[in-house]
Structures are given as structure tokens and as C-alpha cells.
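Alright, structures below, take your time with them.
Shared between the two complexes below is subunit A, which has subunit B as its partner in the first and subunit C in the second.
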Partner chain A sequence: MRLLRYLGRRLALAVVSLFGIVLVAFLVAHMVPADPLAIVLSDQATKDPSIRAAYVKRWGLDRSLPEQFGHYLLNVLRGDLGESFTTRRPVLRDLAQHLPATIELSLAALAFSVVIGVPLGIFAAVRHNRVPDHAARVISLVGAASPIFWTGLLALYLFYYRLNWFPGPGRLEPYLQYPLPVTGFILLDSLLAGNAETFRSGLRHLLLPGMVLGWFIMGIIARTTRAALLEILSADYVRTARSKGLGERTVVGSHALRNALIPVVTVTGLAFASVMSGAVLTETVFAWPGIGRYAVTASTHLDYPAILGVTILTAVIYVIVNLVVDTLYGVLDPRIRVE
Partner chain B sequence: MAGGAHPIAETAPVGVSVAVLQPRRRRANQALIIGAFIVGTWSVVALAAPLLAPRTPLALDVMKRLEPPSSTHPMGTDEVGRDILSRIFHGARITIPTAVGVILVASVSGCAVGAVAGYAGGRLDEVLMRVVDVVLAFPPILLAMAITAALGPGLRHAMLAIVLVSWPEFSRLMRGQVLSVKHNDYVIAAQALGVPARRVLWAHVLPNAFPPVLVKATLDIGNAIILTAALSFIGLGAIPPEPEWGAMIAAGQAKFEYWWVATFPGLAILSVVLGFNFLGDGLQDLLNPRLRRD
Partner chain C sequence: MRQFRFARSYTRPLSLAAVVLAVLAVAGVWPETVGGQSREETLVIARDIDDVVTNDPSRTFEWTSQIPTHAAYDTLLQIEPPDIAQIRPKLATKWEISPEGTTYTFQLRPGVKFSSGNPLTAQDVKFSLLRLKNMKDNPSFLVGDIKEIVVVSDTTVKIVLTAPNASFLGILAGGVTTGVIDSKTVMAHGGTDAENAKDVDKATEWLNQNSVGSGPYVLRGWTKNVELVMERNPHYWGPRPKFARIVFRHVKSGSTQREMLERGDVDIAMDFDPDLAAKVKGNPKIKVVEGLTSNQIYMGLNVSPEISKELSDKRVRQAIAYAIDYDGIIQGLMRGAADRPPGMIPLGLLGVDKAMNRKQDVNKAKALLKEAGYPGGFTVRFTYYEGLLGTPAEAIAAKIQSDLAAVGIRATLDRKERTVAWSEYRSSKSVMILSGWSPDYLDPDPYADAYYKAGGVVPKRVNWENSRATELTLMARKEQDPKKRAAFYRDIQQIGLDEVPHIMLLQPKNFVGVAPAIKGYVIHPIWFVGLEHLSR
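Then we have the complex of A and B:
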């Protein structure tokens, strides 16, 4: 019962957030000093009176500002984010096409950062204030201080141009054809098509950008793991386990780690915003055809519907991811439900 | 009995605290010293750039395009023959004041919102915190991109955009601080004496809340530097030929054989951000007495 109430409150907050997100996008759109139609129409289209009239009606631009917002909200809820000036297609369709590439990259990055970051954090906590701890601290400090677009360029220079260990930018070798987009994920689609060469190429192209983006979040995950484990290692039940004569490996591995991983789950969820921020620039450097590069292209062409579409989409995903994380957290840790 | 127990009770904690305290203290000081040194050096470079830089940042020399690092051009030249070292020195005059100014504005306005929300409580608190939640739901770079694109590219608009994405975390922090101090006896006493809310906030609540805000602001200067550079890298921030570091990295993109064009401005960003992060970390250990005792 308490769990249901907790979830109900979380869900209500999420709905409020979604409303707020659309409102922020609406306000940003109204910052454009030019003709309000310039937010949804390209230059040429704004000159045609009949197109103008149709759009004024569709976006309710002849109404008061609150009414305009109502129109905008309804359109967004219907999935109508306007048309992109650059691709001349509905923004929603563009987003659906570009999103899988971003998810593929983000998952690869998250996997890398968890696989490296969690052990690094454990190692640092177990060897607290000794060399591994300091090394982990330096690694995460440098990771947090390097601009990701620069790390990406450096990685490309070193591992592609100089050493040729990894392929260059893009998702596939230029001579390979994209598999038929069933899911949009190259790794899945190539498997579905039974094409091993495309799968291998897709995987090889995913590694370097995945590691660059992963390196960026790894520091956060390592630091959280370290802090959580350090706190738990000083807890009473860990002392009890030690005084029972259990080995350090058992104490850390099966007693402490299990509880320390709960905050790591939350942070991984919260790191999502960082992953998306990082993905925008990683995609730009690696010519990765995801929503990040789409947004960058859109913003440099002042393609407002497209950039607002990406902005709304990522914020909505963030809210949903955190709703899921909160739910998991509430299920995992009964103490959270009491508020 | 009591006389025998006393010396042990007195010496044991002292012995423990010295052993536990020292490595942490020393490390805090180290971080603070390293951070202050890096930030100080960069500040001097920014102030004295016209004196230190071997050339002016905009002087073209088409005969010396894309020259690798040498004794005359320690960091090489860019695609129109400008000296990269001189541009990096002059870039510090853009990067550091921009980031400090942006975080100053964002922290003051964010803290004001947070202080009001925390102190007033109730419905106002609820509304303000929902606004904070909503802004935090956006990936900062994307919202900043949207705002800069809407206002029109340029460093000034990029700065405004970074302020607009940076304030909410300060509100959250400040609100927490206010809530934790609000129910202390001395605040309740001041309220009971009829001291107006503004005075209570100013004289009793804010001084206690200041240290964590200072730490966060220092760390956020690093983030603001990266965000400004990222916006310029994309082409929304500083407009060429300004020697902004992010824009300089963009100029080195896809020029792998001329690695120095992008590498050195990136190292400049990395070092100055590391400096502010060390400074923030060191300040945190210095100002947070609870952490110090651990």
C-alpha cells in the first residue's frame, strides 16, 4: 500500500515535470526575436500568405499567449513537433530515425563505464588512502575536467589516424550498406539480417565513441561506488561479519557490495543527463548519426523545431528514466517509501 | 578507578585523531595548493597576456600556415598562420572572466530562489522546486544550445544560456542549507524577537550556508568553462576570429596531420578546469568540518 502511494506521488510529479518541460520549450521558442512563425516555418514558407494563414491557425498564433501555449501543448501531446527546416520532414519522424543510434552509443558507454568504474571504485575503497585510491581520484578528476569533444578528437587521432586500432568516424564502413532498419540498432538489425560482416563492422565502430563517452561518466560512477562502499565498510554489520572471522573477500564481495550498489543504480540513472550531454558532442566528433548530431546540425542552421524537438525528447526520457529508477529504488529499499 | 580511566580516555582519542586527521588534512591542503597555483597562474596569464604572448592573437601570416611546434612558434600555427600559443594566452582573457561571471550570476540568483523557497516553505516552496526540477531535467548542453540558437549565436548569448541552465542546482543546495538551519534555536529566537524575515535570512541563515555554496561555485566554474567551450566548438558561442579555446579546437577538427591545432587549446581547458576542480575539492575539505573529522 505504502509502495503504491510512493509510486503514485512519483508519477504525479513526473506528469508535472512533463508539463513544465513543454512550457520551458515554449518559452525558449518565444525568445526568438524574429517572426514567431520562424519557429515552425522556413524562410521561404513564411513569405507565402496561404501557408502563413494555415500555420497561424495550426499553432493558434492569433490567440493570447496562454491559449498559444495550450495549442502548443496539445500539438506536442499529439506528437506534432513541427517540421524541420533542414530535412523538410516532421521532427518526430526524424527523431524516431536518429534515436536508436544514440541509444546504442549510450548503452555501450554506460556498459563501459560500469564495467570499469565499479571495480575502480571498489578497488579505491578497499585500498582507501593508498596508491589505488589516489590513482582512481586522479583518473576521475581528469575525466571530469576534459572536454569530451577534445577527448574524442584525441582518441580519433591516436587510435584511428596514428595506430589504426579502431575504424574512423561513422557507424559502418562506407562500402557497407545499412541493414534493413527493423529496430534501428545496427547490431540487432545486422543479426536479424544474418549479416556477420555488418555486425562486426558496427561493433568495431561502436567501441571508440563508446569508450570516449564512457570515460566521461566513469569518474562519476567510480566516485559513487567508492563513497558508498567506504560508508558501508564502517557499518556495524560489516564489523560483525569481520569479527566472525570472515575473509575480506567475502565481507566486501557478499556483504558490503550488495548494499553499496543501490546508490550506484541511482547514480547510473541520474548520470543519464550527463550521458545525453556527452552524446551530443561525441556524436558530433564521430559523425554518429544520432539525435545529438541532429541537434547540433539543427542549432547551427537555426532549425528551431528540430532543436526544440530533441530538447523536449531528451528531457522526457530523463523524467521517464528517473521514474523507473525511483520505482526500482522504492522496491529495492523499503526505507525510501516512507517520506 | 576513575583516575586510572581518565588518562586513557584523554590520550586515546587524541592519538586516534592525529593519526586519522593528518593524511586527510595534508591532502586537502595539497589539493587547495595545487588548485590555487593552477588558477593563479592562469589568472596571471590572462591579465598579462599582451605582455606574455610572443605575437598578437589575430596576426595572420599566410606564409606560415599550419606549421608544427618550433622554437619560434612553441605550439605551432593555425590554418591562417596565427601563433597558437599567443591565441591560447589571449583566450584565457575570454574563458576565465566569462566562466567566473556566469557562475557569479547563476549562484547569486539560484541561491536567492533557494533561500526564499526554503525559508517560506509551503506552496511557494513547492512551486519553485518544481521549476528547479524541470530545468534540471534538460541535458544542460541541449537547453543551452536551444537558448543560444533562439537568441542568436554569440558569446554573450551563450553566457546567458549557461546562466539559465546553471542556477537550479544552487537553488536546491541553498534550500537544503536553509532548511537545515531554519529550526535551530538561534533562528527561532530571532524570529520570536520579531526580526524581519529578510534580516533573519541575511544575518543568521546565509553565513552558515555560504561554505557549500562557495565549493559548488568553484567546481561549477570548471563546468561553465567546458560548456562555453562546447558551445563555441559547435559554432554557437564565440565568433571567429576570437581566440576562444573551444572554437580553436573546432578549427583543428578533421585535421589529423596538424594535431597541434586542437591539442593545445584542449590542454589549456583541461588544465584550467582541473585547477578549479582541485580548488573546489580543497575548499570542501577545508570548509566542511564534518569531513575534516572523518
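Then we have the complex of A and C:
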């Protein structure tokens, strides 16, 4: 019951912040001194007043700004994010089409960063201030400090173009046709369609961009794991555990690691934000048809409804991730279950 | 602190990591199991296709869309390079123009079928052109002059225009959206050619994913920003198309396209620039095809004294035109990958003669400035934007800035986002701008209309009006005799050279990287490439 009330409060706060985000995004988008019709219509078509009028009416551009905003908010509440200027389709449908690609990529990146980052952090903590620790530090720092488009281009050049260890950009081999979109996730859809070649191709194409994007946050996760574990290993209860004669494996694996994971979970949650923003660049480099690239195209075409749609979606994901992280704390540490 | 023994304490997470890494490695080096036959019969094209918004032939006007629309829907007439001034037959085998130039009668090729299997008749021609007109979308202006269409018989159709228009054949040959669609199938999917088609037509959704034309390939699917797939049309009336399937794969960057081409993952890389073309010279895995586009890179000069006192003086505008090192831009910045017509009508079209080209003359530029009362020059804002039809906009703007500085004109570079620059230009407020244009169809008329006629797209933006140029444009539009028409267009360009509301800088070449095994690639100024000519 207390948990429900807690969640309710969090949700109410989330609604307020969402409103603020929509308002700011709306105002910023409309402050750009450009005419969206200049993008949508051809030069010849703008000369014809009837074609112009048809477009202005279609997108409600003849109304005042507050009116447009009110209208937009009402529509959002009804689940209608408007129609994109550039794709001429409902924004919601565009987002639904592009989101699975980004989620697939983000999950691959998160999996990579956790699977490599946590052991790397443990390794560094255990071999604290010795060669492995320094090596881990270098790997982490380079990953976190390199601009992601640069690592992406470099990885493609080296591992695809030069060495051919990994496939090229895109989600599939260029000649393969996409499986019928049921979930939008290539790995799932190809399995549903029973197409092993497409599944394999999809998996292989996920590796390189996943690692590039994952490396970026792996460093943060490894550093956090190391710091947390070091602190905990010097705690009294760890000494107690050792003095009971427990093996190192049990001490670190069962006693220390679980508590050390709390900050790691926080950081992983926050890292998800980096993954989403990193996805914009990764998707551009790897020709990945996800939300990031959709956002880039939308912003260069001054596609207000699409830009706002992406903003709202990102904000919603943030809110959800934060809720999940907060809930996970409770699972990991009963003391912070509900204040 | 105690030392830990690595082997005992951390085997679990590390062995987990090792397993995962092994899986990744296996997947990474998994041998390619390509169905040889299907890859062989599939043509894969890498191209930036994020401009595609629809595949409905009555709505498309984007660059990429020209390729699939041309491949799916045959037009009545056609134009093939190198001679882009010659109109050739396609679905129409013969045509006649009435003496006053308003009635066009076409004889249709007999026995042509749509990809649906339905026969193509005069009724379909009527439906297609009327639907295009009544959808009131981007390409509708192409057929705005049509008054009525009469179906004389199954193979004869008569088109009546509201006024004589000598470029009408050019529209039917070069405007891919004038292609003929299967009226029965489109109507079955909610399509209509009625006057209120823009409100009641429901076929676009279906036409975005399918096509029903008589062209060599059929649209089989399109995923925005991902891919566009076409397949061979089994009912095609011409020679059997060579590929069973053609896939357009969305790849934004030219250098990534090059890597994929060199790896053999794609057969054609469409977005090469001059630098990339020079880089792969001598590479045995890439054949570079080049061809002159009908695109234009030009400067617009606002003649309104309210916008710029200096530019409102004709002599100042002439001085600017004389100050520019045209050859330096083409040789130095474009690596020679461009040509230059004298005015705003592209090379290859009627009445365009390079002998009229203006040459750089710094002394004349200085003299003109002095005469106009600016011996010490003046300061002017020069707007440009990136994304200028594949040319290095920033470098061109900087080069012009330094050319102008040599005669005393201080241009302040004003880089804007494309959308912002366009908005300002369209509201006639840019002072001096670097901009571009790509062709609607291959005839001088749309260029005369857009650049020289009062109220035309560009004259309006630079606040320029010239009654003689307007008159000549209208006369040339009515004139059926090509010789007289050409003379009118020469006069029009001369007025532009004298008045300088715009300065033609260059007409760029287009470069495409092609796998050596692919034959038949010829660059087309409108639809980039005719897929029917390609084979492996």
C-alpha cells in the first residue's frame, strides 16, 4: 500500500515534468525563424495559393501559437501525436516503427556494457592499484572519452572494411528482405517467420554497433563497480565474514557484490540516458533505422510534430527507467524500500 | 588488505563473460550462407533515401522517388541522355499538335499491359493525368494547363490545353509523375480522378507500398528510411528486365556506401562526391560513372533598395558578377566536376550557348563599382547553407568572399540552417544568397518561368521584375518553331546577364560508384538512372 502511494506520487511528478518538457520543446521548435511549408512544399507548389492553403489547413498552421499548443496537448492526451510533415504519417506510427530498432540496439549495448563492465570493475577492485587495475582504467576511460561517432566510424573501417570480421552497416545484409514486422524486433520477427538466415544476419549486425555504443557506458559501469566494491570490501561485515572463515568467493560473490551493485544499478539506469543519446550518433554512423536517426531527420527538416513526438517518447522512457531503478533499489536493499 | 586469489573468487562472472564473448565471436565470424542465385539476381543499391515520403505517382516530387516512379510507371514520351533536347516515343508511338498549339493527339502503343495484367488504354491515360491534376499536391502544377482529355478510342487520346504550351511534350517526357496508372486497380483501392480527388481519394496508402504501372519493375514494399523493394514486372512490354529484385537500401554517408560497395555488399553506391570519386580512382573494385546533372548552383541578388541600397544598383550587381573567379570554383573546389551555362537554363537545353558565358574581369568590376559611387567597396551579407545538392557550399561561399574582397566588396558570411535560409529567401528578405535548383523536367520553359518571368519563383524572392523578359517567356512558351524559340531564350538569358538578379555559378556533375560487374549505368538528369538498362 505504501509502495503504491509512493509510486503514485512519483507518477504525478512525472506528469508535471512531462508537461514542462512538452511546453519547452514546443516553444523551442516554434522559435526557429523558419517556415515549415518551405520544407514540405516544392518551389512550384508554393506559388499555388490553393495548394498552400490546403497544407496550412491540414497542419493547423493558421491558428495562434497558444491555440496550436492547446490543440496539441489535447491530442496528446487522446494518444494522437499529430502527423509528421516529412513522412506524412501519424507520428505515433513512425515512432512505433523506429522504436524497436533502437531498443534492440540499446539492449545489446547495455548487455555488452554490463557483461564486460561489471567483471572488469571487480577485476580492477581485486587487483586494486596493480597492472590489471590500470589496464581496466585505460579501457574504461578511452571508451567514455571517445566521441561515439568517431569510435563508430573507426570500428566500421577497421572491423568491417579492413578485416571483415563483422558485417557492415544496417540491421541486415543489404540484399535480405526485412521479416514481416510483428514485433518490429528483427531477432523475434525472423524467429517467428522461421527464417534462420535473417536471424543470424540480424544478430551479427547487432554486434558491432552494440559494442561501440556499449563501450561508451561500459567505462562508467566498470569504474562504479570498482569504487563500490573497494569501499564495501573494507566494511566491518566483510571482515566479519572473512573471520568466520568463509572463502573469498563467497565473501565477494555473495556478501560484498550484492551491496556493491546498488550504485551500479543507479549508474546503469542513468547510463540508459547516455545510450539513448548515443544511439542518435551510433544510428547515424551504422545506418540504423531507429529513433535516433528519425530524430535527426526530423530536426533537419523542421518537422515539429516528429520532433515533439521524439521528445515526449524520450521523456517517457526516462521516467519509466527512473521508476524501475527506484523500485530495484528496494529489491536490492530492503532498508530503502519505502521512506 | 589481503590478497585475493583470482582463480577462486571470480571464476563465475568471468566464465559467464567468456561464454558470452565466445557466442559473440561465433556469430561474428559465422560463414555467410548466401543463396547464390537470389543474390545474383538481386540488385542492391545504397542511397540516402530519407527524402522519400510517398510512392503515389500523383504525389511524389522528391529526388529519390523519381527512380522507382520512373521504373514502375511508363510515361507517354521520354528523354534519354546525351541528347536531352530530343523527345522520344514511349507509350505513345505517334503524336500530332494542332496548328494553334492547344490540342495534342497521341496514338498509344498497342498490346501494352499493366503489372496487374489489365490492358493499358486511353481511359487510363485520362484517369492518370486528371488524378495528378486534381490531387493538388507537389507535382500537380505540371499538368495545371490541361483543360480536358478526350478518349477518342482505346488507343487514341486527345489532350486539350487552356493555352498553347510548347513545353507540354517535355512535361510528358520528363515529368515521371505523368506516368500512366491502371485506373481499374487504383479505383478498386479508393482512387479517383474527380475534381475533389484531393479530399476523397483514398489510394495513396496502397500506392505507397504497391504499384500498378506498365514499367519494367513493380514496387513490392517500402519502409521509410530503411528500404524500398521492387520486382520484375512479368507483363512488361519491352525486353525482359534483367534483375528479379532491386533493393534500395538507406545508407546516408557516401563513404560508408563506398565501403559496402568495395566489400561487395551492395552493387551501386549513389551518393559519391567529387572527392570520393577521386579517391577511388584506379580501384579495381569500383567503377565510377559520371554525368552532367541539370542541377544548378547560383547566387540570388536582392534588387530591392529596401533590402540593400548597393545591390539595387545594376552596376554593382554587374561588378559582383565580373569579380567572381568561375573557373577557379569549378577547377579548384569542384575538381573539374562541373560545367557552366551562361544563364539560368542548363546546358543541353534549347537556346543555351556557352559562348555567351561571362568571364571574370576584375578591372571592369572595379570600374563599375567606381561608376556606381562605391570606389572603396561596401559591406554585404552573404547567406549560404549546407546541403546544397552535394556541393561544398561553405568552400564556394568562402571563395566568392575572397573574390569579392579583391575588388573591395566585404562580404560577411552568414551561415544558416537550410530551413531558416529558405524561409528568409522565400519571404524575399535575403540580401545575397548561395542557393540551388534541380529540374522539374527538361525544357527551357520551367527555367524561364522560375528565373526570368515577373512573379516567378526566383524573381519574386529577389524583388526583380522585367517586362521584356516576362513577355519573351510567354512568347517562347507559345512558339512551336524550335529555331524561333531558341532565339527567344537567348534574348531572355542576355537580359539576365545584363540585369544580374542572379548569377549562375555551376552545373555540377553527378558521380556514382558501380560494381565492375554491373553494366548499362547511365546518369539521367531527372530520374538519375533507368533501372531497365542495368544488368549484371
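What to note about this one:
Keep in mind that, in the parts below, the second predicted complex is superposed on the first by the 289 of 339 C-alpha atoms of A that agree within 3 Å, B and C clash if a C-alpha of one lies under 4 Å from a C-alpha of the other, contacts with A are read in each partner's own complex, and residues count from 1 in each chain.
We take it that contacts are C-beta pairs under 8 Å (C-beta built on N, C-alpha and C of every residue); 3 or more make two chains touch, one makes a residue touch a chain.
From a predicted model like this one, the values you see are computed outputs, not experimental measurements.
Contacts of A:129 after superposition: subunit B is touched, whereas subunit C is not reached. By the touch criterion stated above, A:32 is placed in contact with subunit B and with subunit C alike. In the superposition on chain A, contact of A:16 is made with subunit B only, not with subunit C. By the touch criterion stated above, A:103 is placed in contact with neither subunit B nor subunit C. Judged by the touch definition given at the top, the superposed model places A:310 against subunit B, while subunit C stays out of reach. Contacts of A:161 after superposition: both subunit B and subunit C are touched.
Of the two partner chains, subunit B is the only one touched by A:277; subunit C is not. Note on subunit A: of its two partners subunit C and subunit B, the one contacting more of its residues is C. Contacts of A:191 after superposition on the shared chain: neither subunit B nor subunit C is touched. Using the contact criterion defined above for the overlaid structures, shared-chain residue A:300 touches subunit B and also reaches subunit C. Across the two superposed structures, the residue set of subunit A contacted by subunit B and also by subunit C is 32-33, 156-157, 161, 284-285, 300, 302. For subunit B in complex with subunit A, the residues that touch the partner chain are 23-24, 130-131, 133-143, 145-152, 222, 226, 229-230, 233-236, 246, 249, 252-253, 256-257, 259, 262-263, 265-266, 269-270, 273-274, 277-278, 281.
Interface residues of subunit A facing subunit B in the complex, by the touch rule stated above, are 13, 16-17, 20-21, 23-25, 28-29, 31-33, 129, 141-142, 144-150, 153-154, 156-157, 161, 273-274, 276-277, 280-281, 284-285, 295-296, 298-300, 302, 304, 307-308, 310-311, 314-315, 318-319. Residue ranges of subunit A in contact with subunit C, taken from their complex: 32-36, 38-39, 41-48, 50-51, 54, 86-89, 94, 97-98, 115-116, 118-119, 122-123, 126-128, 156-157, 160-161, 164-170, 173-175, 177-178, 197, 200, 203-204, 207, 233-234, 242, 247-249, 251-253, 284-285, 287, 289, 293-294, 297, 300-302. Of all the residues in subunit C, the ones that touch subunit A in their complex are 1-2, 4-6, 8-14, 16-17, 20, 24, 27-30, 32-35, 38-39, 42, 44, 46, 50, 53-54, 61, 136-141, 144, 198, 221, 223-227, 229, 247, 249-253, 256, 259-260, 262-263, 265-266, 387, 417-420, 422-424, 426-427, 437, 440, 446, 450, 457.
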